[in-house]
């Protein structure tokens, strides 16, 4: 079972100052190879190519999510709120610590190319033949399955799920503050202390004392800004596009029995869509980068060019479109072929639309996020969905906005500009 | 020649808020493959295993050194100080940007094992067949050699050398602030704005207006604290020891014609002491980590164990000694052999003494640092070495302090504790 | 005429770090008795009774407005924008420094009771027989009148007016940051550096480069939060109500020839509505407080009670109403009389509605603010009002929101609660 | 007896973010007129004339000292340290909250002129006929006397005294951080969280876990810097000198039966040395400033000139001396008389020497501070005075340094410069 450490361990953390570990199981989980591996996976994938400070890892974020969860539960216990099920503390802490353990290198890009899902990998790692599994099981026979069901949002205590996964969960609160800190922008800062103080367990949910409404508004605005300033930055999207094209080309080459001069077993599993847990766990940013640096010397010109571009940050340029005009794209692809560029590799479109829905979407059952809404608790113990009371949240909840881009290798296009049609030249400012 | 950019470029930086690039040559240098490679080399080597935030790269530090140098020169130009040679601006900026371009992965560990020198590599990269060399030469035929001589401290304008290399140079000012920011400690903060405001060019040197003396004291105290809290932290030293042992074992194996299951050309050059510039440039943290993760499966048990320890952060433990007792160490080595541990790999000593000399060392000509002292300029234009005026600096300049440690694999020792002599068990708290 | 100081003067400022004075006229203005008097007037009136850190003076704010203006002009000059009229620098700096010099103690309360206007006093001080007038005139015969017309927004160069008075002027930028700093909230922080970098002079206006749109959104959201969290805080409003009642009672007593045991010439002028410039300048927070502390011993019970309450922070309590129901208020006044409370002094209503209009009000000519809208400048040099491009600003511009309160002395009401009607008791939670 | 509040009260504080009040007695003490009066007394006296941000009051500092004490005790209770006498919590909290309640306006200046002592006044207020006394007594009959004996350092539990009064007490920790925050310097920042974490109750003393030694070094260095940069700043000393001369002149005039045009009962008590508790409590910064502004129109030229100077910040200038040469001062006084200046009012000397002793003075029993030294607790539960282990503290403890100044009205001296002796002109740079 659980037992406190003789002396609490403290991690120095730039965002939360100190992170306190007081339980032996948490301490052991942090020291498993699977958790230490998160040190080798950047939290923000390729964002460091746009904001050079964004070099922090999923390790520090995972500790941060744990710490916020610990503080929330602490507050609940200190005030003796009866709606908080005290026996769920360790499940909550373990789930918050481990929720990202299934991330691989550049997850978003890889998930799109290989159709994998980091949450599923998280569960496989928790339930598989791993040190994490053994530590959890040692503490409580059922713990691995409990934690996995929290990750899958099927745990029978929804209040535990909402700690780790809701419109204002420990995960989001940590990453907004952490990503703001490391990129150096101050859009993402909000008053964490105040929010933690106004959270209340209430009938199986986490709600917010009404007096904290403005702090929540501030949090949601920070989120809005971080998405448009950082996460959706077109230069980062451009880096992601390169990444995806590298992997797509490697899959093609593998399928066509290309003999790679450099290959590792786990990479091979990845390219063939046959990843084992062990293989997945041996993938990290270092393996990906080493592959790119070696593949930069492969004979296949598309692959080597893409790899070199990624390493040397010679990214594709972009132009913004008013709307995603499919006819236009089809025409461009034709023209690309005509002038000797590869329409699949030298052209890419990108549509950014998911935020408005995600910022806050009250009252719907289905959708991309499916995360429970933020609820206010008034003095009469009545619960109200926040956009019914906050003008500002109601206003931004209705915002629906998209941005549309076309990405391309600028210097290749310039070198063939005279063969392009006039209106294409104009579109690309040539 | 040099020409300003049409529009200045701005990097968002968490330490300096904004970093301004106003000259086309600087912009091109930043975009060379050799400079972008610095993104793949951690500024603080293995320190992230002690302070998890310390994941920042030499890329951001190099930009920071450039920015501080730019600000200093800006202030000199704005005030029209006649002792500042205006024609040296670009040499200074290029040297400050490039001063660390010769760093490899985990430099301190690798330099000790392979007896290389990152400053020498910096010069080879600047003078070799590289994109950096071409950009510099394009701006001014002599520029590569000028910049290299600044790095080597032989440039005939010592004031330029002292910008990049002195007891209070742009390099140190940036790394103290940056390392403090990313580790999250606040020992390392000092009033950079104020220091920049009181610097003056004076007869071929950079001096400090006397009214800024207390700000310099504060800077030196920050430095003292950063060294003992961060840079000399015994857990970081333990990680470095593992690293060095990994490389040492790999060299031994290579020398004995061991057939590595994983090898890359540049690693092979490294292990054989035959690094070319091209080979050196292809080494980075990712290659090192990928090697370790593959070597963790090598048949040689020493190598695979060391690699696994490093990846999973199963570091050697340490005990502190009153003094470095060579007789004791010799006895321990004997005992290690006796109980079946490898004295070369399962035991290491470490002495930390270099700081006191480095904190501030007035009035000596020779020594480890050989960096010019900090000089105060009084109202009568007289220059005085700072420790003659500052009680606090005079006091700490005299401090000579060493710490002594023995590192070892704890669980191996515990498993054989009953075969150890009593006083050894006591020494290691067994 | 203007001449630079031999050596620039630097004020240490917690918000801007350093404030630089480079011109002799600015330096002399700061050292006039009229400007030094701003040290004795709190920037936020009674807000310190709600947020105890808000004890900063109009002196530091005025320096801050000057510094932001200086930085904006500096950027314009550095980049050589032709739309910036360089000869207007000194007028702009003087106007920004002096724009609040006509503030008196607790301006908002006093202006409402005595129907004065601090902007008018500012002009009278600039144009009257004062040290400020002499310093300005010494620099340029026309300067006092130029500066006054900037304050009055009638200056013939609207770009100068907009620096000091617009929807995003130096005044607002400083007070949001400063008030956030001193109260300790972090709602009010936004990225000043970034905003300063994207401002451009353009055809007689100050516009914002389109790439800075998100930074402006962030600034407006900070403003929104500061208004509802700080400036409109009901406890501060309660303190203001006490203040206004004190002055109202003193005017009544004076009109009825009450013989005050404590009086000063300037106070007498104030109560009689006959303030001279000299009299006005001798009013400050200290005089007001000293009067209150002495009047706390006056025989008139209403006055002495109000003064004691203000000094000892025994404020009126409040209840919030759904709407401002005039019939209800009239009923309450009747009931107050019936139970022996004074309806004019023991009851007050307060409606807070001005913000939504002020947050941002595009496209209207008249209104409370009458401040020019924020304009975006796109790459084709086209100017667009910001809410046409920013979803978020368009959303909040439409928000119209009011809050309604009734204030009263709680312990007096409690002591007579049994004589109140049932629904009144309910309203006041008795 | 003590009882917790139904709901804890939270003050927003810029230094500690939040200050928590959980007990009804503390809440009532804060709301007494005597404690609210601290809002009208600046924490740093005249320092705001040097650092304009230093306008914060003793009210916010007192809350801060309370909060730090609360956090220390919290940590002791949370960890269940047996050497902490739990029953002393309320005495400790009350004493920390009230320790400065006896401060008057510009205490340091007034204490020197009138030979009063703010600690003695604190005790008189706690024991006298005051609301504070009644609140304390209501909680516990003996509490007023207990709290007063803590203030007087005679309480029979020295561990309680050392919380409020030692070389590293809650008082000092708060004022260093607070004064640094409001002045805007960053010399005064140290890692409060870390220090609070390493404090331990041990055999009737508060000691520091040895691992926290470097944090203590950092705290002491901050202190050293704050003293020389802020507290001993010669411009602040100059303002204090004006203040003292104003009071001295007023006493003289009062003694010679001068008829003041402006006088208040409490001021009269002060000038005659007959202050009652009630009179003392009605003195605050506002009364002092109002008196100065009125006395600026007194007929006595010395008094009116001094008052005008203080209000308009026309301070005396200063020159620094190598040593305090009494013969030189005597000569200057003679020369002052000869040229028609008043040697008592137009000349003042100032010696600043107290710091070195105060920074840290181990091992002595008597002296200016008489505050217990800082003790380290090692792993074997041995206690050692810190300078025995810390090189840096040992070094600075030995520093003995004085600065010597002469202050004078510059423009008066300039106007008579031709009548001065040559070497005097030289001394004053005329």
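As written, the chains take the letters A, B, C and D, and residue 1 is the first residue of each chain.
What we mean here is this: a contact is a pair of C-beta atoms (placed from the backbone, for glycine too) under 8 Å apart; a residue touches a chain by one contact, two chains touch by 3 or more.
Computed from a prediction, not measured in an experiment: that's the story for all the values here.
Shared contact partners of chain C and chain D, listed by label, are A, B.
Relative to the C-alpha centre of chain D, the farthest chain centre belongs to A.
Averaging Cα coordinates per chain places chain B and chain C 51 Å apart. Each chain gets one centre point, the mean of its Cα atoms, and the points for chain A and chain B are 32 Å apart.
Centroids of chain B and chain D (each the mean of its C-alpha atoms) stand 44 Å apart. Among the residues of chain D, those touching two or more other chains are numbered 17, 185. Interface residues of chain A, counted against chain D in their complex, comprise 10, 17-18, 193, 197. Of all residues in chain A, only 185-187, 189-191, 214, 217-218, 221, 224-225, 228-229, 391-392, 395-396, 398-399, 401 touch chain C in the complex they form. Contacts from chain B toward chain A in the complex involve residues 11-15, 17, 31-33, 36-37, 39-40, 48-49, 51-53, 55-57, 59-60, 63, 181-185, 264, 282, 284-290, 293-294, 311-314.
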